[in-house]
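Written below as structure tokens is the structure these notes are about.
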Amino acid sequence: MGSFKGHALPGSFFLIAGLWWAGKYSLWYATLRNKSLGSTRLASRSTQRRLEVIEGSVTLFFSVVGMLAEQFVSDGPRLHLYDYSEHHWDRLHNWQHSTMYLFFCLAGAMSLIVHTTDAAPLALDRLMLAIAFFIEGFLFLYHLHGRAMLDVHVHQLLLFCVFGEAMVSFLEVFHRGNILLELLRASLTILQGSWFWQIGFVLYSPSGAEWDQKDHNNMMFITMCYCWHLVFSILIVSVLYCTISCVVRSRLKRTPPMEMGLLKPRERQQESEDETL
Amino acid sequence: MGSFKGHALPGSFFLIAGLWWAGKYSLWYATLRNKSLGSTRLASRSTQRRLEVIEGSVTLFFSVVGMLAEQFVSDGPRLHLYDYSEHHWDRLHNWQHSTMYLFFCLAGAMSLIVHTTDAAPLALDRLMLAIAFFIEGFLFLYHLHGRAMLDVHVHQLLLFCVFGEAMVSFLEVFHRGNILLELLRASLTILQGSWFWQIGFVLYSPSGAEWDQKDHNNMMFITMCYCWHLVFSILIVSVLYCTISCVVRSRLKRTPPMEMGLLKPRERQQESEDETL
Amino acid sequence: MGSFKGHALPGSFFLIAGLWWAGKYSLWYATLRNKSLGSTRLASRSTQRRLEVIEGSVTLFFSVVGMLAEQFVSDGPRLHLYDYSEHHWDRLHNWQHSTMYLFFCLAGAMSLIVHTTDAAPLALDRLMLAIAFFIEGFLFLYHLHGRAMLDVHVHQLLLFCVFGEAMVSFLEVFHRGNILLELLRASLTILQGSWFWQIGFVLYSPSGAEWDQKDHNNMMFITMCYCWHLVFSILIVSVLYCTISCVVRSRLKRTPPMEMGLLKPRERQQESEDETL
Amino acid sequence: MGSFKGHALPGSFFLIAGLWWAGKYSLWYATLRNKSLGSTRLASRSTQRRLEVIEGSVTLFFSVVGMLAEQFVSDGPRLHLYDYSEHHWDRLHNWQHSTMYLFFCLAGAMSLIVHTTDAAPLALDRLMLAIAFFIEGFLFLYHLHGRAMLDVHVHQLLLFCVFGEAMVSFLEVFHRGNILLELLRASLTILQGSWFWQIGFVLYSPSGAEWDQKDHNNMMFITMCYCWHLVFSILIVSVLYCTISCVVRSRLKRTPPMEMGLLKPRERQQESEDETL
């Protein structure tokens, strides 16, 4: 029903996503604050859009890969949903994971559409992200029937950060560009990623050591451990934020801003349009 | 206590309502964005008001029909609430369904009043809709006592979208005209409609096949199936939105806007009033 | 532990409070909308403040009376909290009811302070009202241990409107003067009042008829009945709102506005200050 | 597993924090309202910043002291987490308390950074405070397994104010400077402090009297007692607020504002910058 790899893989993806978001939003916030120093050279609106497009494409690509992997791994269902010979559903866990990937795939696709065309309102990418996280939590919620106490508990703890991310993304629909919400989302994503790794070590320890799944002390330790992961993710995001702020500032101070007159008229217009977006 | 028809009928209503909303709000958003091309020819404010009045009337009409149908079908209570001969309540399920229709009837009536007169604040229609959805969920919540596990589960899943619609409608009281909330409401309504059909097929399958109501795998499949319905409804809304956006744009480009001078003064004033509403 | 009177009395208070609020806010909204017709003659800001002071005083008075009544009725605790002879707490139900009244007493006092002096921010009255309703619900929540199923159920239903009122009042801290929230609060208060009467009739029927407290059909009927009370309260608020709107308009049309020149300079200044408040 | 001192100590800290906040925010609100009388003499923006820095330092200091105390008291774990000889976790309660202090330590550090540098957005201090309170509640939530009924109940009541504080702090991220939210947070903090003392007296009474942990009447009394603590904390905050308002006004009236001309130009500019912050 599960394996160390099956938890480490999505964990790594979420870790990378969290780090990426922390870096991206820190960079944008730093350029926004240092506009007077000509920071738009470092990350102009068109660079930002390009980054968003890359992010959307990568999300889309890995979600599709994830869906296919869940279906066509050695013990996957290979798109068979119902085993007619034995009258039962076929490998529902793989199907559930595929469904989770499907929603992230949808979120990636919507983000691509929003940032390449102007057909849809900008906040759509956050709304789809909120729905994707909500569905991930929703499926985990009904995923846990009949498992051991510790197994249920570590997955329940996961729900806190998953639903937290859903809520923060939904708030961003109304408060887009709020750096605190963006960094909070990044922290929670790193927390989710590192917690997936922790689940892998607790339930399917590669060293072979087994945890007593019914010991209440283990549960208390795990709960506390979850908080330490949160501290760890907050610290990582803080360090990233500070580093990027400093780098942006020092680079801007060393190289004086180009003369505005050197820009071609079309570019200058572009820039000022950017600021009103 | 239930039947295939009894679930297919409201399901169809919600499906139609969801499609209608997706279309209506997409059209309005498209006209709003293409104002410079003279889009108000396609859907001026007075057309919009007329559509709202039609929507309110249709809601009111079908809710009243629903209430009467629940009372006067062959095995309905015919307005008898208490069976004095046998000292028990008479066909409470029909009465509960009537109550649900009653609130949608109220919402339709309020919407009519809001859009035909200017006696009440505009947001009242959303507030009543929120209350109607909340009461629908509230009654379902206390509807499920003593039923089989799968039966309870499929109705609990329904609650997610019903309460979701209530929450989105309530948010619209404060964020009226937010296209994302409107499309989200449309998606959830389509989800509710198609899920009613699914419930009909699972619990009262017309083909006669029966589901094992105590099999945990069935529950896991059903949960996943619910997510697929959501994907399906999001896709339908997206397709509708894109189609309508394209059609509006292409029609506007083919026919150049009428000369403003051709409009009678009173009309022109009307138009500019519309924009400030 | 309870009696018909003990539910009818607070029920009547909440009914009157709900009707009063529905009337008050309808009147203010009507005067606000008809300002061009000189509606400030009917309810100027100073009249409004006087009404608020009266409301605060009445709330304060009846809360104190309620607290004293709970203590000094024939079987009340008369301020004794602990029975030292028999080592148990003395009449905790009366003490709990006194505590509920205490918070409404606090809300009344705060409202008085807010509207007579300008020491505290205006929204404080709503915050205290929210706290008072929250505590009422909070105490009911832990009030129900060891009672019969129907008894628990009717009190749980009460919690929906009590916590609803708390939430609406809290929202009003941020959206003060939103007529929809104010009328919603009035409706929920009327619902609470009429539901107290209903509880009295169900649990301590004056006609002596007893309800079977374990019959599931009774619970289903009661749930539905609650929704009917809500319809009833919404209709009452609507009728009040419409009547007051019409009366205000017809009175304003019959009597032309006084000449502004007839007002003394100080008064006129007062009026324009009002509008900026 | 617990002691009177172990509850009285954090209780005292929260009491002091609550009183400090009530005083601080009352003072700032009073200076803000009396600007025309030259109130910035009493608490200019630079004084405010200095107070914030002191508050952050004190929080940081006592959190670190708390963490160390939990580790190195006579029966503390002294940084040993796992007892390898007996294969069980070592004194998890102390570790959990250390974790709680860790988050307040983080909140203090972030507050220091926010108010000494301008590297981070201002609202970060409230966000970290919200997270610190949330984690405190979160750890208490999973702290209670296998305890007696009354023990569980008094700690559950604590959760109401802890999560309440988390919610209010999170709201302040978006509504910074709302005096009502700030005073509500102060009240809830005083409530938490006094409730810690109450828990100490109930569970580890220094007089040696023991409460029957299974008596339902005790639970009902404790619930009511919690409400009285809330009344008490609201009254304290009100008295503090009124006293400070009066003192500020009377001092401003006695001493006429200094001539603006006497301020050095740089200072004057500082002041006007303050107002735009």
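Per-chain residue numbering starts at 1, and chain names A, B, C and D are given in the order in which the chains are listed.
The rule is simple: a residue touches a chain if its C-beta (ideal position, glycine included) is under 8 Å from a C-beta of that chain, and two chains touch if they have at least 3 such contacts.
Model, not experiment: these values are computed from the prediction.
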Common touching chains of chain C and chain B: none
Residue-number overlap at the chain A/chain B interface, same or different (half cut): different
Most distant chain from chain B by Cα centroid: D
Where chain C and chain D are represented by their mean Cα positions, the distance between them in whole Å: 32
Separation of chain A from chain C, taking each centre as the mean of its C-alpha atoms, in whole Å: 46
Residues of chain C touching at least two other chains: none
Contact graph of the chains (line, ring, star, complete, other): ring
Contact footprint of chain D on chain C as seen in their complex: 88-89, 92, 95-96, 99, 102-103, 106, 119-121, 123-124, 127, 131, 135, 138-139, 142-143, 145-146, 173-174
Chain B contact footprint on chain C (complex, rising order): 160, 175, 179-180, 184, 216-221, 223-224, 227-228, 230-231, 234, 241-242, 245
